[in-house]
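One chain, subunit A, links the two complexes that follow: it is found with subunit B in the first and with subunit C in the second.
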Partner chain A sequence: MNENKIMRIFKRILYDYIYIPLKILSKDKRALFGLIVLIIYILMSIIGPIFVPLNLEPNMEERYQPPSWKHPLGTDFAGRDIFAQIVNGGRDILIAAFLAGFVTIGLGTIIGLIAGYIGGKVDIIVTTLIDIFLTIPGFPLLMIIATWLLQSGITVNILMIAFLLSITSWAGLARSVRSQVLSIKQEPFIEVDKCLGLSKFHIIFKEILPNAMPYIAINFMLSSVSAVYSYTGLMALGLIPYTPGNWGAMIHMAQAYVGTITGAGCWYILAPSLVIIILQVSLVFLSNGIDKIFNPRLREW
Partner chain B sequence: MRWIVKRLLMALLTIYVVTTITFFLIRFMPGDFVEMMVYYYMTNYGMSEFEAREMVYGLYGVELKDPLWLQYIKYMITLLHGSWGESYITHQPVLKVLLYGLPWTVFLLSTSLTISFVIGIGIGILMAYRRGGVFDNVASVIASISRATPNFILGLLLLYFFAIYYPIFPARSSYDISIKPGFTIEFISSVLYHSFLPMMAYVLTSFGGWALAMRGSAIRVLGEDYIVAAEARGLKSSRISRTYVGRNALLPLFTSFAISLGYMFGGSVFIETYFAYNGIGQIIGLALSWRDYPLIQGGFLLITSAVVISNFIADLLYGLLDPRIRRGGMYE
Partner chain C sequence: MPNPLLKTENVSKIFEVGSMFGAKKHIKAVENVSIEIGENEILALVGESGCGKSTLGKLMLALLRQDSGRILYYLNNGYKDIWSLKGEEFKEYRRNAQLIPQDPYTTINPMRNVLSALTPPLLHYKIAKDRKEARKMAAELLTMVGLVPPEDFFKRYSCRLSGGQLQRIAIARAISVKPKFIVADEAVSMLDASLRIEILDLLLNLKKKIKTAYLFITHDLAIARYFARDQRIAIMYLGNIVEIGKTEEIIQNPLHPYTKVLLMSVPIPDPKIARSRGLPKLKSLEIPSLVNPPPGCKFHTRCPYAEKICEEKVPELREVKGRLVACHLL
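Right after this comes the complex of A and B.
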């Protein structure tokens, strides 16, 4: 391969996967807002802890301080800086959310493809399974599994949490992928591929999957949103071991101390709440924008 | 008819799978729950170890002497008899404890679900009519924020600002304890007063989802030929929006109505714990913090059964409301 060809491929990737999506996003103010907020959050979680180290030493003389230059967001029930906790507490949530998104689309796509492409008895069994998992309420199931895990003393790593968080969310995507596969399987162009002797691999990954891409992309975003909800929710209930300063843990503590928090200390409730709400809103806005990237019919140009 | 039988079987299968999950969670309980309970009965009731063991096995339908498949069948049979074990904290049958909280949760959830559904539908159809306009833009931003806000966070904020910082609304309980329960105006107004904030927490976080779903559905219907035809026939626009657009756009939302009930049941743990509302959510919340397994699992079983049943009813209703499904040979 000569250098020219590599450059051409590189340029094409840059054009197809960076330039065009950004161009579509830039027309959609809300999606752009979501993207920028998300980038800020990611940067904050990566380089923030270097500048604002977490100091969990209690300082009882500075309980529930209002925002000041020393404490930009005030202090909590033990006189610790809230801003430092906010900056340090996001990393786990972001990692868990995006990992859960990947696990969901992975499981959903594979199971949907299997059901749709193989068909027959496999399809019946898998569809029944999908229907069951669509009705099982996800969050209550998560709660009992989390209590179970907490009791068992198994050390929970972030990948395990991601799998847990996508325990029921794969079903919706699997159903969409399955029905896409079923409808595309009958199309003439698949017949042509088969006549040309193209491999199953080619048919699945080059012909069928791109058609299911809108569902996969949107499910990635939406399962990230619901993963943030479930993860912070489980932490707010104290059901998942958390790292100090985590936003969900802050909600948990704020709820436990809610009766004692005085007027100036309301920042302790407001800060983690607003941070989580803004993250969720930006993810929802971005997911609408991503819908437009993969769904040409929704675009205006 | 065949379709109804199929749906019924599916519903039963779902409940069956859930009970199986709960069985295996009990069976492979970490920290040896059975030993813990045996010890508990020995110390608190002065039983011998044998007696205590028999007692625990009898209560939870778990007999470790039997092979796994027999234990499984026995567990299923005890569940069918309505014996879901005894709650660890209250020493009462799990079912009794849960049934005490059920009416409160059903009242709270069904009222807030209906309110948010009606508000969401109204806003959604207006957005669809004025799509691209100022109202649509503002409303869809608000709806997205409402959809994205976790209900437990809004519940906490409402609790802090409107019950503790500015004590306008009560912070605890589902009614004033000094008032005797009964069909009196005093009691009912107390119930409504106490349920206002929890209800707001649900309504404000769920109306946006309905509005956005309705907007999408209504826009799809507005593009249909029969709407153009209705306009061409010179029908009044109010009639078109009500009978032509409204009805058709509402149809797909009915199944999500039932499914969302399940989500709200799941979220009820937060809201009811925060507001100390005497429903199922609070009971499960307490059970979670006390590691009261039988109660947690009973609660999960109850929630799932509620979701499965409401899904089933929604499917039946959907068939009744949409003649195409009724006639068209059901699903496949």
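Right after this comes the complex of A and C.
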């Protein structure tokens, strides 16, 4: 009996959260492309390092090799395989990007819901806070914090980086969630729900939140995109103590040791740049399809 | 009426309007309104837009809080102020007073399908034991409001339904908890004329089945007459009730000058009669400002029979020929 119930719930979750979204995505070619590319990236960073281990031993005889069967993307200034570095560098970036995305939508949604639903003095205080954060330029602030961390010698883990990357990005989402909530809570269906005696919890999370969900989901994708740029950007500027084989760090090294994108070293700077760009494009494509998943008005059936 | 279900006593509601700069202005949306609704009764509330009909409905549903006066609900052999109800008693009141709003397109959450709109209240009040039973009951509700086969509608969203279908679902939601009192706020004014009678008949049929009282808010006297036949009509003007009585008596023999004008404004399908009838003999066609309502009787600026006393003294509802009218001249 109990097992039966668990199976039923499991089936429902599988149907609602896996089957239906996939069905919707399959009708949108661009979103499907984005999803497939993203899955390839995720697989690459999970099982890739097993097949292509990172070997950072300098091998001066094989410097600046063009692509070949032995080195699919050529070699760097110390004769190390670029492909291995790309494969091994993906994990950190994906984890940081999605963690930053989650932190952003978590903070933004909760703060926006509180400000919008409670209103009054709470709203004024929270909106002021949001405005202050909106005026802070994100990337320069990140540069300052990163430099300070580098100077103080604190070991930076991936969780900390994710929090840092979302330090200013939540404000924009909080603002749009707040205004969404403000307009939705005036809708007649909320009045009917109140008359039906449904709890505040139900009204906030099951009636109001789904209406703001398309915004939140797209914001998750877009803040992941900007987190990738910020993270690799900080790496490329050499402001975070870098981990070996990180895409941003590769760009930094290429800048420092090769200098140009012409000539022998061009593979070293092109490979990580292209990998980043393809990831970003796939995320943006996917975000279009995500809108359809959360917004029944955009579906074709 | 021996024991009305819900009654208001001198209820007033004042809205504050005005910009951030400049003085705040006050609008008296509802002023000293005392009405009562008995069990299984229909009261049609008629008035032009902006006269406070919807506000009164929301006050009676405890969606807004009145600024003065009391709204009493008959509970356990006694009247209780709805704002003093707590815990189980408030839950009981909430369950028994429901709303059918005006615009069917915003009455159903666009992000939730029909099934998930119908089941939460059933589960909340434990009318249904579990999801399976709630699903069965939702199917029954949809059949009751004429949406068959119900399974076809379960997974649909509001963007894939027509106005009439949505209004039926709104009705199904309202009756799902078996309320004793429903506020139908212009429930048919957004629908096609051909659909209106269907929905009105549906509401009347449901009334027989689940024994509920209606406060039927409308601006259309013809619809009020149809819906509240053998029942009562209340006429509202700028926040005040000006006349209240049996439907046919009011329609056949209006006493208050405003009721007379309102009846004259009902369109007549024959252009010849309509033209010969002419404009109502009003002093002014303009509705007075809501921010600065005229002193005395609020209708005196437009009333063709107005005398000096009307400008000075606020008329009270008093009994004339078996109904209540607020006019000095009767």
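Methods note: the second predicted complex is superposed on the first by the 277 of 301 C-alpha atoms of A that agree within 3 Å, B and C clash if a C-alpha of one lies under 4 Å from a C-alpha of the other, contacts with A are read in each partner's own complex, and residues count from 1 in each chain.
Operating definition for what follows: a residue touches a chain if its C-beta (ideal position, glycine included) is under 8 Å from a C-beta of that chain, and two chains touch if they have at least 3 such contacts.
Here the structure is a predicted model, which means the values were calculated and not measured.
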Subunit A as common anchor, with subunit B and subunit C clashing or fitting: fit
Of subunit C and subunit B, partner touching more subunit A residues: B
Subunit B versus subunit C as contact partner of A:M213, first or second or both or neither: second
Which of subunit B and subunit C A:S179 touches, first, second, both or neither: neither
Subunit A-centred angle between subunit C and subunit B, computed on Cα centres after superposition, in steps of 10 °: 90
Subunit B versus subunit C as contact partner of A:C266, first or second or both or neither: first
Touched partner set for A:I277, first subunit B, second subunit C, both or neither: first
Contacts of A:F189 with subunit B and subunit C, given as first, second, both or neither: second
Touching partner for A:G197 - first (subunit B), second (subunit C), both, neither: second
Superposition-derived minimum Cα distance between subunit C and subunit B (Å): 8
Sites on subunit B touched by subunit A in the complex: 10-11, 13-14, 17-18, 21-22, 25, 29-31, 141, 144-145, 147-150, 152-153, 156-157, 159-161, 164-165, 259, 262-263, 265-267, 269-270, 273-274, 284-285, 288-289, 291, 293, 296-297, 299-300, 303-304, 307-308, 311
Touching residues (chain side subunit A, partner subunit B) in the complex: 30, 128, 131-132, 134-141, 143-145, 147-148, 151-154, 225, 228-229, 232-233, 236-239, 251, 254-255, 258-259, 261, 263, 266, 269-270, 273, 276-277, 280-281, 283-285, 288
Complex contacts: residues of subunit A adjacent to subunit C: 187-189, 191-192, 194-199, 202, 206-207, 210-211, 213, 294-297
Residue ranges of subunit C in contact with subunit A within the complex: 58, 61, 63, 91, 94-95, 97-99, 101-103, 106-113, 120-121, 124-125, 157, 159-160, 170, 173-174, 176-177
